[in-house]
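Next come two complexes, and both contain subunit A; in the first it sits with subunit B, in the second with subunit C.
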Partner chain A sequence: MTRQLRLLRILTVQEVRMMMNHRGWLFLLQVANVLPPAIALLVWHGAVDQGADPPVSTTYLTSYLVLVSVVAMVTSSWTSGFLAASIRLGGLNSWLVRPCSTHLSYLANNSAEKLLKLGLIAPPVVVLGLVFRHDLRLPGEPQRWLHFLPALIIAAAMTFAFDILIGSLAFWMEDIAAIDRLRYLLARLLSGGLVPLALFPAVFQPFLAAQPFRFLVSFPLEVLLGTTHAIDYAYQAGWFVVLVGGAVLVWRRGLRDYQGAGA
Partner chain B sequence: MRSDDAIRATQLTKVYKYSEQAPGLKGAVKGLFKPVRRERTAVDAVTLTLPKGQVIGLLGPNGAGKTTTIKMLCGLLRPTGGELEVLGHQPHKRSFDFLSRISVVFGQKSMLWWDVSTYDSLLIHREMYAIPRPVFDASVAELTERLDVAHLINIPVRKLSLGQRMRCELVLALLHGPDLLFADEPTVGLDVVAKLALRNFLAELNRDHGTTIVLTSHDMSDVAALCQRIALIDHGVIGFDGNLQELRQRSGQHADADLDQVLAAMFRGRS
Partner chain C sequence: MTPRLFWACLKQAIRRDLQFRSQTAINALSSIGDLVLGVVPVLILTGAGGTTWTGPLAVVVVGVFGISTGLMDCFVRPNLAKMHGYVRQGDLDLILIRPVNAQVFATLRWMEPAELGRVLSGAAMVAVGLHLADVRPGPGLVLQAAAWAAIGFVGFSLLWANLAYSAFWFDSADPINEIASQLREAGKYPISYFTGAARLVLMTLAPAGLVAAVPVETLTGATSPLLFAVPALAAAMLLTRLHWQLASRRYSSASS
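Moving on, here comes the complex of A and B:
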């Protein structure tokens, strides 16, 4: 375990070094990530000014939309496509003959990406926060932040497991892009990454509260902003087990059928 | 398995399953609802024992099953049938002990990290294989001197020529001192000088460290220079297992015939 952690550290440092070559592209990516919630903020503020009555307070809405791009970035993963390509083209071969977890390099890649992106996304988010500072309320209680951190880390682990699960389908399928795209669209809508789930019609709320995508983005923010119930932690733990267990099962089953294309 | 055997395969078999699709749109639609499942036996009940310290050349035409055999031996593929033990392990279980004692060089696939220097890749392998610092330093010094790459290891891999890169690949592959090296077409694409340097190095490695080497190559001069033993694979079956002299006799070629002529005679009429 210690060896794997040391290896993860050195691989992450290596990935950061390589990604520094693409820092301009990464910065633009972060600006693009902040734009949708910024537009949503403008639209909602306009609507409230015109007399609309959303089911949540303006301060909740503002705080949520200012922070959502950071949470969505931290809990995102771009592993599925790379993993699928390495299975299909045989790139996995180089990892399977080495004495380390095959997913360590993807984990390092994701960690490095997060480290770099955190630095790059901070300025546009701070600007957004300053523009809407009158309605922004960041919680002062340390307890909220202490609960928020594990919820955020579990959400990131769930997305990574989801990516491994979908990427591993390439053991049997020629192309996983359509499934990946469908998952991405569902996640955009149902995770609360685009619009807070609280703004959906009341009739959908029981479904939205229980479905897995909520726990990838919305839930950590709900924890931070203090709108969760005790049962929600159990839901997140349950979906975590399902996704990680599913990823392990599909990966192990897939390895049995692996054909190691190419040399 | 005797403790002085590196590899022991009995009735080793690998069957690939795939779906066949008829041409055109009609075929695609038909394949969607009623796929035609096929099986292809890539390795068919191969039995092979390799003592430690031996260099064996697996030869055969394209699609003969030699790469599939190597992939099973190094744990990449799970055999469909038969028994396989490599260094006392079942390779497909991919235990740390097994993977720490083997190494694989793919002539057509790089194990080095592309965007950083060879030395950075070596540092990653140091952690991966838990190599103590003094051992690491000594190995790097020895390997880079023997392969004449000391001046290259701090250059990004993408900037190296193919010959330079292959030598760096070998430094990486041998850093942890493997007992068994799988070299899958290691000289492919190299010029004569680079090829000769690589070949000499592998011979020295076997002589000085007793490393067992399993080599596949389409370059018959590699095999003739390095391998004490040759196994010919065709249609997934070992058709010959012996030394070069015995192979010449079997092929009916004269004593001075080179290996290309010998193999052409052996595989003539192959469908």
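Moving on, here comes the complex of A and C:
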């Protein structure tokens, strides 16, 4: 375990150094990430100004949409495509023979890129916050932030596990791009990344509260903004076990079928 | 790019898609799903009341948006997404040496016919939305709305092309396509929800508002004069041409 952690640290530092060369590229990506919530903020503020009556307060809506791009970035993962390619082309071989986890390099890449992105997403989010400062309320209670952090880290781990699960399908399928796109479409709507789930009609709320995508983006924000119930933590723990367990099972089953294209 | 060459490129794209049929089918379904799921935030917004926009009319806006973006993603986007690679890897050489207009060829060479699924589903949404909203526009209004949609399509494509040409000026310009794509999403909301500077920008500099919202307003009888739009579009085309000429002079061919 200590060796794995040491290796992870070395790989993460290596990735940070490499990604520092692509600062401009990463910054533009963060600007693109902030655009959808910025558009949502503009239209919802326009609607409220014209007399619309959303089921949540303008303060909640604004705070949620200003912070959502940061949470979505921290909980994002882009491993599935690279993992699928390494399975298809045999690149996985070089990691299988090493005395460490195969996913260590993806984890290091994920952590390093997010570290840099966190600094780069801050300026556009601060600008967005300043534009809508009159309706922005960040929670002052340290307890909320203390609860928010584990919810955020678990959400990031769940997305990473989900990515490994989808990428591992390449053990049996030639191309997973379409499945990945379908997952992305569902996640975009059901995770609360585009519209706060609280804005959906009441009839859908029981389903939205229990489905897994909620716990990838919306839930950490709900914890921070103080709109969760005790049962929601149990839901997140349950989905965490399902996704991580599913990823482990599919990965192990797939490895048995793997032949190694380059071998 | 002559119509014959365009047709040859389209045939080749269809043949390529037919070679990977299941992938094409899933991509087409995803493209349709993208549009269908895209209507949800707009319906939630109109459901909150406050404006004259109703759910069915919002469906029409998303439908027109689907038609425009389906065409854009089939014919324009695949090429502009390659611009960064053309410049960085020197692939532009293979376009510059051909006896064709390099700018037009670089903008229309690659096509993704699977995206046309969104055009069909968008058209279906327009028909259903107009029926539910009980709006029956006359031929004159339909022509006027089509003209606005065409102006929006060309205008936004020109903006995207200019952003993509930033690859000639900057090393890491690839995500500019993602920025253009996200900016375009503003076009699926009725323009009246945007106020002040945002509305002005979406009607002029980044004309996402002209892609769907203004054409649907026109269908409902709201008059929007085309008088200034056509010369503005011509000026934008001229500027894009100049930008290409200026930018391509910086191209030093990475492979040579």
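In this text, the second predicted complex is superposed on the first by the 262 of 263 C-alpha atoms of A that agree within 3 Å, B and C clash if a C-alpha of one lies under 4 Å from a C-alpha of the other, contacts with A are read in each partner's own complex, and residues count from 1 in each chain.
Criterion: a residue touches a chain if its C-beta (ideal position, glycine included) is under 8 Å from a C-beta of that chain, and two chains touch if they have at least 3 such contacts.
Predicted model only: the values in this text are computed from it and were never measured.
> For the overlay on subunit A, clash or fit between subunit B and subunit C?
fit
> Applying the touch criterion given at the start, work out whether A:202 contacts subunit B, subunit C, both or neither, answering first, second, both or neither.
neither
> In the superposed arrangement, which partner chain does A:14 touch: subunit B (first), subunit C (second), both, or neither?
A:14: touches subunit B, not subunit C.
> Touch test for A:3: subunit B only (first), subunit C only (second), both, or neither?
After superposition on chain A, A:3 lies in contact with subunit B alone.
> With the two complexes superposed on chain A, say which partner A:40 touches: subunit B (first), subunit C (second), both, or neither.
Only subunit C is touched by A:40; subunit B is not.
> Using only C-alpha centres after the superposition, what angle do subunit B and subunit C make about subunit A, to the nearest 10 degrees?
The three centres form an angle at subunit A of 100 degrees.
> For A:259, select first, second, both or neither according to whether it touches subunit B, subunit C, the two together, or no partner.
first
> Just checking: does A:230 make contact with subunit B only, subunit C only, both, or neither of them? Give me first, second, both or neither.
After superposition on chain A, A:230 lies in contact with neither partner.
> For A:97, is the partner it touches subunit B (first), subunit C (second), both, or none of the two (neither)?
first
> When the two structures are laid over each other on chain A, which of subunit B and subunit C touches more residues of subunit A?
The partner that reaches more residues of subunit A in the superposed model: C.
> After superposing the two complexes on chain A, what is the shortest C-alpha distance between subunit B and subunit C, in Å?
Subunit B and subunit C, overlaid via chain A, are at closest 8 Å apart by C-alpha.
> Once bound in the complex, which stretches of subunit B touch subunit A?
Touching subunit A from subunit B are residues 16, 67, 71, 74-78, 94, 96, 99-100, 102-104, 106-111, 113, 115-116, 120, 123-124, 127-130, 184-185.
> With touch defined as at the start, can you tell me which subunit C residues reach subunit A in the complex?
20, 23, 26-27, 29-30, 33-34, 37, 40-41, 44-45, 47-51, 170-176, 178-179, 181-183, 185-186, 189, 192-195, 198
> Mind pulling up the subunit A residues that touch subunit B in the complex?
Residue positions touching the partner: 3, 6-7, 10-11, 14, 17-18, 21, 90-91, 93-94, 96-100, 255-256, 258-260, 262-263.
> Quick one: which bits of subunit A touch subunit C in the complex? Just the residue numbers, please.
22-25, 28-29, 31-32, 35-36, 39-40, 42-54, 175, 177-179, 181-182, 185-186, 188-189, 194-195, 199-201
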